[in-house]
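Note that chain A is present in both complexes that follow, paired respectively with chain B and with chain C.
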Partner chain A sequence: MIEISNDLIIIGTAILVAANCASIGTFLVLRQMAMMSDAISHAVLLGIVIAVFMVGGRETIPVIVGGVLSGILTVSIVEMLYRSGKLKKDSSIGIVFPFLFAIGVILVTQAGNVHIDVQHVLYGSIEFVPFDTLYLDEVNIGSKSLWVLGVLAIANIAFIAILYKELKISTFDASVAVSVGLMPMLVHYLLMIMVATTAVVAFESVGAILVIAFFIVPASGAYLLTERLSHMMVLSVTLGIISAIAGYLFAVLFDVSIAGSMATISGAIFGLIWVFAPNRGLINRWRRISKQRFEIDLAIVLTFIHDEINANRQVSASTLSNDLGWTIDYSKKLSEFIQEKKFVEQDVQGNLNLTILGQKKAKYYSTS
Partner chain B sequence: MMEQKSVRKNMNNEQTIPIEIKNLSVTYRAEPALWNIDLNLPEGKLIAIVGPNGAGKSTLIKAVMGLVPITAGKVSIYGKQYSKQRSKVAYVPQRGTVDWDFPTDALDVVEMGLYGKLGWLRRPNSQTREKARECLAKVGLKDYADRQIGQLSGGQQQRVFVARALAQDPQIFLMDEPLNGVDAITEETILSILEDLKKEGKTIVMVHHDLQTVDKYFDWVVLLNRNLISAGPIKEVFTKENLDIAYQEKQRMSIQ
Partner chain C sequence: MVIEEILVIFFGIFTDYTLRYVALGSTILGVTSGALGCFTVLRKQSLFGDALSHAALPGIGFAYIFAGTKDSMLLMLGAAVFAWFGGIVTLAITSTTRIKQDAALGITLSVFFGLGVVLLTYLQSIGGPSQGGLDRFLFGQASALIETDVINLGILAAGCFVVLIIFFKELKIATFDSAFGQSMGFPTKYLSALLTSVIVVAVVIGLHTVGVVLMVSMLIAPAAAARQWISSLKNMLILSAIFGGISGVIGSMISSTTEGMSTGPVIVITITAILGISLFFSPKNGYLFQYLRKRKQRQSNLNEISTATGENSN
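Let's look at the complex of A and B:
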């Protein structure tokens, strides 16, 4: 067996956690289920602790089964409360998961002989991942976390690939999914099983609090960058992996929490996308709005000059600001712009006159 | 003509009523949304569901498809349960029910209408793409296939929904206010498509809000205000007296 350095095991774990969460997170974002994923990633604690109690150790399979069961329990109770018609969805989530999580916390603090502590539960312990190795017939086959996450990645990819069409239609329009017989509720619960499985596995390395960042943040960034579902998924995974690597380097450089750094970097990257995204970004929106405003003001000034001249009154560049209630700077800028564009000519007295082009433009604006 | 039709259907031993609603009641919370509706909708007709806000118009078509829980009563599609007849029914929901920022294009949405025929796990292919393209062309949006759906106008979005229903190739269309707030071109396009569908013997049931156009566009009308006021051919049913009853507030109170 080739020896992989501890650093590589940690980075590999981080990358796989990020990629697993980001792929399935695409659907969570589109289904507006961010808080549900937070609920699941907390509530799995209860199942994990019970599983650990029952088998007396952190065996992978019982832990996953326990975690998934408590995740599904959470989703079911939330939906039951919500469907009763008395509570809103966010309140239902806010009631259920702290309850289940709190029971888990009580059990953890009571469990002197079980190797879970609260610190580990909250922030994970990706730093210690390399010391957990997997044995097959007493032969060391390498890092347990890499194996488990690798298998999970295959499961997630297979899940999305096989049910892509079903996931897409039930996410976009559940009523039509029902009407074509593709059972969106079944798809929903299958997705929740995958989310819970991913949450349990990610729990080990990044803890209960930060899992939501890995599910939601890269997918939301991807959402702002593309208009195609398949692209969104690829971008989401890419952003997740970049955050994982950059976060690890940041943590090593400043000697701080790895999981914390990854989530922080991921948030920072999202912030950049939110500001700079080509279509849906903040700057582009400002630009669009100011462009539209300029266009409207252009229409106002040209129709104003047009109407004044028709009424046999003179318009001068110096009085525009007064006439239209704009700042002197802005009216100057606009009057220079319309002269530059040859909509308007200034005569020797300083009066503005519409050119033929300007007249056409003014007519176009006043009719549209 | 009528006799011929019934003979043909008797020979095939098929149920002839597209939608049969018996004693249907739907309740949200304490109040009934629909109360004891008894209604048979005929084949090959353009049928409007008309009534004031909160009359249960949308609820009625959702109840037909089991999208809302039925408190009492029964709905049959061509004599059988809806769940056995899904492929015979297409649903055009209100535009506001989906997220138009969803990362997908017009063609993709239309193709979703064919997912049911594909069944579980089978992938869309060049045939379904082609069929979806045809349906998109029918609603006049051939050139908008690659357009992200949020960048379509409201009327175009509505036409995409209609195209998706066409792709399902059903016997019955259930439409929830497809003409609400759309432009003139969209309205014309949808109406001409519906006329064609009618000629093919399809049944179209549409929630409609504009009383001015009911007699112009439809053959049949269902007047609803939580309970059934009246249903039948426009000439017989779409009368001032019936409308007065349907739009009277008293009507609602009497149920409670």
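Let's look at the complex of A and C:
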């Protein structure tokens, strides 16, 4: 049997969790169901605990079935509540999942034989993953989490590949999906089942709240970088994997929670994208806005000079800031700019006169 | 027997010091979050509270690292600063990018919580607070409340209510018709900031009793329950505060009878039970009366049909 080091098993687990969550997360972000995934990833705890009670151990299949069932239960109760018109959608989410999660937490803390630590419910126990090995006919076939997550990855890839068209159309235009007979409700529930399955499997390694980080944060970052669904998915998975590896290294370096630092790093990466993204980043946005503002102010100053001259009044560079209510620095900068561009000429008395080019420009602005 | 036990626990509030502070602290939280939660529910910002409370966690860690004490006022200050910061980050994401509110909330709550977990585990690794030191803020541990804590909580809650009473009219307008409010010259932007601030205070009060993870329920459930019975805002606030207070007392008493049980989950289950009762039995919109009304309607429809067909056959 090939021996894989514990570090590699942990990193491999983290990469698979990140890839599974980030690919499904793309649809959650686009369909505005991020908080539904929050609800599901909390609620799976109850199903897991009940499954452990019923079979008397943490067998993989019953735990997954239990978790998925409670995830679907959550989605159904939330939808039932807000369809009845008694509660808004976000209120229903915010009521159902704390309730189910609270029951789960009480069961975990009060029943001695569950062997789940409350803290591990919240932030997982990925550091113990290497010690949980899978046996086939008494033969050790390697880490259980790698096997389970690998199977899940195949299931997720198959789900997305087979239903790609359906998912895409129902995400961007639900009414078109209905009219061409693609059954968006069925797609919706299948997606919820995949979310719940992914949440249960990832739950063991990264815990309830950090599953959400992997679902939402890489996909949101990717959403700011591209316009195409397929690119967004690839980017989202890439960002998730980078966060997982960098987070693991950070955690080892400072001796802190692995799952916590993965979430923190994913947030830091999102922050970088938010600021520096080529088209949708804050810097670019700020540049675009100030460029637009400058363009508008240019139009204002040229039409102002044009109108004043037509009314036989003098305009001087020094009174410009007073006339237009701008700061002295800004109006100086603008008047220098328009002189440099040869829209305006300054005569010996310091008055501004439009050049032919400037007159053309002013007319263009006043008519458009 | 059962009644006797309940009475013993209840009178324990007056004789048992620990229980008295536990119950007082939980009541203060319940009443404050109940009243303020009405605004978050009505403004359709229910899950905003979830992001705020998760964002408070790193604040506790940083306050401990920099101040080095477990002084509850300092920890609460750190929590408040970070909760506020989390709120601002959420708003900044939605206003400067095309990311929608739900994803922005998800980003804030998971990343801030992750950072908080990093800080708590860092503190543990450098031999900071012992196990059960700071992580009681995850699910709340009202039994750890001491007299000064309760006094601090009381002062904060009183501050919230003073703001609420002074700005009641303004907050009401900003909640129901913010465009109208703006046209009347109300600074709706500042009012939103004010409301966020008092909700941050409620979240901070809740850290001790329900913890950061389940706090959202204390903001939504009492208000949603009160909404089933009453439509006037003022009365809804009062009823919601009462519901919150009741669940605080009941929850903290139940959890104090059991060794090692966090207060948060018990309070949340209690308030959700109150909401469930309200959903079923409220005379106006309850499921039960809706069902009865529907059945009566169907019966009278059937009667009408049978008389009509009876007339036809004659």
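Going forward, the second predicted complex is superposed on the first by the 368 of 368 C-alpha atoms of A that agree within 3 Å, B and C clash if a C-alpha of one lies under 4 Å from a C-alpha of the other, contacts with A are read in each partner's own complex, and residues count from 1 in each chain.
The working rule: contacts are C-beta pairs under 8 Å (C-beta built on N, C-alpha and C of every residue); 3 or more make two chains touch, one makes a residue touch a chain.
These figures come from a predicted structure and were not determined experimentally.
In this overlay on chain A, chain B fits alongside chain C without clashing. Applying the stated contact rule after C-alpha superposition, one finds that A:Gln346 touches neither chain B nor chain C. In the superposed pair of complexes, A:Tyr223 makes contact with chain B and with chain C alike. Taking chain A as the reference, the larger set of touched residues comes from C, when chain B and chain C are compared. For the three-chain arrangement built by superposition, the Cα-centre angle with chain A at its corner and chain B and chain C at its ends equals 90°, in steps of 10.
Using the contact criterion defined above for the overlaid structures, shared-chain residue A:Val180 touches chain B, although it does not reach chain C.
When both complexes are overlaid on chain A, the residue A:Ile169 reaches chain B alone and has no touch with chain C. Once chain A of one complex is fitted onto chain A of the other, the partner contacts of A:Leu282 are limited to chain C, with no touch recorded for chain B.
In the superposition on chain A, A:His231 contacts chain B only, with no contact to chain C. Once both structures are overlaid on their shared chain A, chain B and chain C have a minimum Cα-Cα separation of 7 Å.
On chain A, the surface patch touched by chain B in one complex and by chain C in the other comprises residues 32, 223. Residues 28-29, 62, 65-67, 86-87, 89-91, 93, 97-99, 102-105, 109, 112-113, 115-118, 120-121, 123-124, 148, 164, 168 of chain B are the ones touching chain A in the complex. Those residues of chain C whose C-beta lies close enough to touch chain A in the complex are 41, 44-47, 49-50, 54, 93, 96-100, 102-107, 109-122, 125, 135, 138-139, 213-214, 216-217, 219-221, 224, 228, 258, 260-262, 264-266, 268-269, 272, 275, 279, 285, 287.
Those residues of chain A whose C-beta lies close enough to touch chain B in the complex are 30, 32, 85, 162-166, 168-169, 171-173, 175-182, 223, 226-229, 231-232. On the side of chain A, the complex with chain C involves touching residues 28-29, 32-35, 37-38, 81, 84, 86-88, 90-91, 93-95, 98-99, 101-103, 105-106, 109-110, 118-119, 122-123, 209-210, 212-213, 215-217, 219-220, 223-224, 251, 254-257, 259-264, 266-267, 270, 274, 280, 282, 285.
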